[in-house]
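After this come two complexes, each holding subunit A, first together with subunit B and then together with subunit C.
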Partner chain A sequence: MLELLTTRNNPMIDPSLHVWGWEIPVYLFLGGWVAGAMVLSGWLMHRDPGTERPSVTRLLPWVGLVLISLGMVALFLDLEHKLYVWRMYATFQPTSPMSWGGWILIGVYPVLLLAGIAGLPPALADAWAPLGTLARRLRQSDARRALVLANITFGVGLGIYTGILLSSLGARPLWASGVLGPLFLVSGLSTGAAFAHMIARDPDEQSALLRSDNLFLLTELALIALFLIGLATSGVAQAQAASLLLGGPYTAAFWVLVVGLGIVLPLAIQSLMATRRIGHTLVAPMLVMGGGLALRFVVVAAGQASFWP
Partner chain B sequence: MARFGMAIDTTKCVGCMDCIVACKTENDVPDGYCRDWIAKRVEGRMPDLRMTITSERCNHCDNPPCVTCCPTGASHVHVYGKIVLVDHGKCIGCKACVASCPYGARFMHPDGYADKCTFCIHRVDKGQLPACVEVCPTRCMTFGDLDDPQSEVSRLVAGRKHFVLKPDAGTGPRIFYLE
Partner chain C sequence: MNAPLYKYGMFGDEMSLLIAFVIGIGFGFFLERAGFGSARKLVSQFYLDDMAVFKVMFSAIVTAMLGVTYLGWMGVLDVDLVYLVPTYLGPQILGGLLLGVGFVVGGYCPGTSVAALSTGRVDGMAYALGIFAGTIVYGESYTAIKDFVNAGARGALTLPEAFNLPWGVVVFAVVLVAVGGFYGATLIERRVGGAK
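Our next item is the complex of A and B:
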């Protein structure tokens, strides 16, 4: 038996760490969603260049700009020393994933903006001559290839760093897993694909996005399994952390909201949609998006509750 | 270059909390917060119990995760004595360092920046001891240069059985508890 008494009672630290509330999970979710949207935009641009059909590629960059801005507002709200936020951009700290993320976010904006301009309908772009010229240049094959590459590169960077950000904070055994980066990336891809097939108008594109979403959801399930197996079979600290999700206080939220309602149920519905046994429904993609949000909330909260014994 | 650390004799510490009062007074630590604290660990089964009292604070680790995760360089290892410090003017209050510390040694100052023990660098710089060490009535704390094999702290660590807190976290803590 070990009983620990301490005189320390610092706010946000004791009795257990709680430095991050709703802002960080919301940012991680929105960041992941934008990351997924960027990778899918890049893929669709590459897959179907020069199409005149109504593609979601045209809309995703603009949605991404709004979402990433909302995410950055959430990040800003989380800061305790808000007036000093500019310090983030007065330096680059190579060992800090948060510093990498700050600079990745700066790169995401122009890429989204240029991708959005490239997809503007000619009637809209030509309303202002320089914009029309820029849109036409961006649609040329070289610029288009560069946009595809930039979207995919920044999308993967944004999606994976949100996981590495947590896994680099070694004091929290639940986060001490290399799987967290790929897991958050794939979750972002599934969120992005769910949103994209929800708003897609073109049947071929909708079908391709739906099938890719199902693949992402399956991959996410496999990564969650690897994440839990990795933790449970590591040292005492990681095994204790895994027990938070395997019988501990976060078990119900994790298995019901994240795995059940967020992955398994929509995967089942979307499999029926993909084989055309049922028509397209908004329920499944909305469940996928809800699951992505729940994943961030559960991982951030449970991670803070985990500690080195 | 010096590498400051501490040896704290758990056979002398009585948990009187003078170190906490001295720290709060010396460093103007706000009400409701503390940079150092007393922990009492009771181990064993009745009637074979053993209590260890430890005066705890930032371990000024050799491998400080709070420094590597800081996005602005506010958390840094100071050239003087390799003390881990926070530059308040660079801290954005992101709390990554607080989450990264396995000892819970950091807290968010009500003014918005991350705060913690500084080993009283302002006193050490003038040749004085940290306030907690200075006031300890049982003289259980020894502060000094761990890189100087002749220093009292080095001799205590070399000659006495000791432990550090959470060694498995891999941070290389520089506060040694003598048994």
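Our next item is the complex of A and C:
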């Protein structure tokens, strides 16, 4: 397969092939957001067991269920042969990131659902006796530990696979980087943290999420630097691919929407928020989320425009 | 080095957008720091008890004008290559009046509304949404109004051309107007502000 693509024997590949439209970047963004929400839910459940304060962990799993479903719809819309989607689940291919992703997505649903039930207010859960019993059972320490572990494991898996999915496609030199997996994971964590501190009502929880988002944004900046340095110092094809973002047609979109508006500016605002020099504002988290979406759009579009010389 | 840098091919479209982003963020930052992210501060201009908007904007105009003039005289900047928005007298007067009414009623102009939005002000957000809506309405109705929009085209008209005066004389006159304006604005501020 790689030979077919790299020796230009496939008329659909050369000189460039844009088979992925808006659906894939939207799915990658929503998947990353849910991944971040799951990891943060797990962390908050571990950090604050049995809290009676209003906690975003009650809400995040339900939001996650909606978002991952919307992402699945986007993914489904992208499929060429929609009726054969079930075949993804008739096999498991351990060497295929797409197969891993398909199964991780299936695993994400019950974990989110159980985490959501565990966080239901007693008045709501007890409206139906079996639900109340399940919610109480899930809040016991052994079940809670399992939920924490499942949230973090599936969250990390979902977040990192979206990047590995791209980096495993050898035909596109821009994606030929091992940094993409961690980059998409950290971007998802940042998006999740931004959304969580935007909706958090408890000041302590909001502050913790805000500080964690700043850490994620700094890490994302470092990973972007590594991603570009790695590509620019590799072979001719990767260096040409990197030039798409370093002076080429995707430069302004990448540096303005992803790095400037999506990371540096909100990091500056959130640093002021973290040190209480300005009040909490919705602008910074919304910029972070916009930056996460822009990152997927730019990487997917620029990747499809990169090719082997 | 000769300017305008973009016109002389020092950088391309992508880099120019990056530079525009940095300049835009800087502009917005200083607008906000000057207090122009607050509708109260801005509309004070129209109640004449705080003339900061007039002073800041006019001093910015004079600074830019002097910079362009001196750099042109020094041979660093080719003034003929600086882009000038073409003049359409009638449509631009109407557009200016509409913007002015919006400014008085809403408390922001387009730039300051974005500065206000960046600090999370809800009125700034509403204003910015209005800008988007207005842009869409304008674009969609362009066919119907394009005769008026393009009426009275006067090209890239400058004050020296309009008054048939040497560039330096006009620059000097504008500086005198600015100095007089600043003095007058301070007197008005003292009188109106002091009367409150």
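Everything that follows uses one rule, which is that the second predicted complex is superposed on the first by the 294 of 309 C-alpha atoms of A that agree within 3 Å, B and C clash if a C-alpha of one lies under 4 Å from a C-alpha of the other, contacts with A are read in each partner's own complex, and residues count from 1 in each chain.
Heads up, the rule we're going with is that a residue touches a chain if its C-beta (ideal position, glycine included) is under 8 Å from a C-beta of that chain, and two chains touch if they have at least 3 such contacts.
Because the structure is predicted, anything quoted here is derived from the model rather than measured.
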Is A:Leu124 in contact with subunit B, with subunit C, with both, or with neither (first, second, both, neither)? neither
Can A:Ala225 be said to touch subunit B (first), subunit C (second), both, or neither? neither
Check: Is A:Val19 contacted by the first partner subunit B, the second partner subunit C, both or neither?
Finding: first
Message: Which partner chains sit in contact with A:Ser96 here, subunit B, subunit C, both or neither? Use first/second/both/neither.
response: first
*With the two complexes superposed on chain A, say which partner A:Val256 touches: subunit B (first), subunit C (second), both, or neither.*
second
Between subunit B and subunit C, the one with more contact residues on subunit A is chain B
Query = Who does A:Gly248 touch here: subunit B (first), subunit C (second), both, or neither?
reply = second
Within the complex, subunit B is touched by subunit A residues 1-14, 17, 19-20, 78-82, 84-85, 87-88, 90-91, 93, 95-99, 101-102, 165, 168-172, 235, 237, 304, 307-309
Per the touch rule above, subunit C residues touching subunit A in the complex are 12-15, 17-18, 21-22, 25, 117-120
Seen from subunit B, its contact residues with subunit A in the complex are 17, 20, 32-34, 37-45, 56, 65, 68-74, 89-96, 98-102, 104, 106-108, 111-113, 166, 168-171
Within their complex, subunit A touches subunit C through residues 247-249, 251-252, 255-256, 260-261, 265, 278-279, 281-283
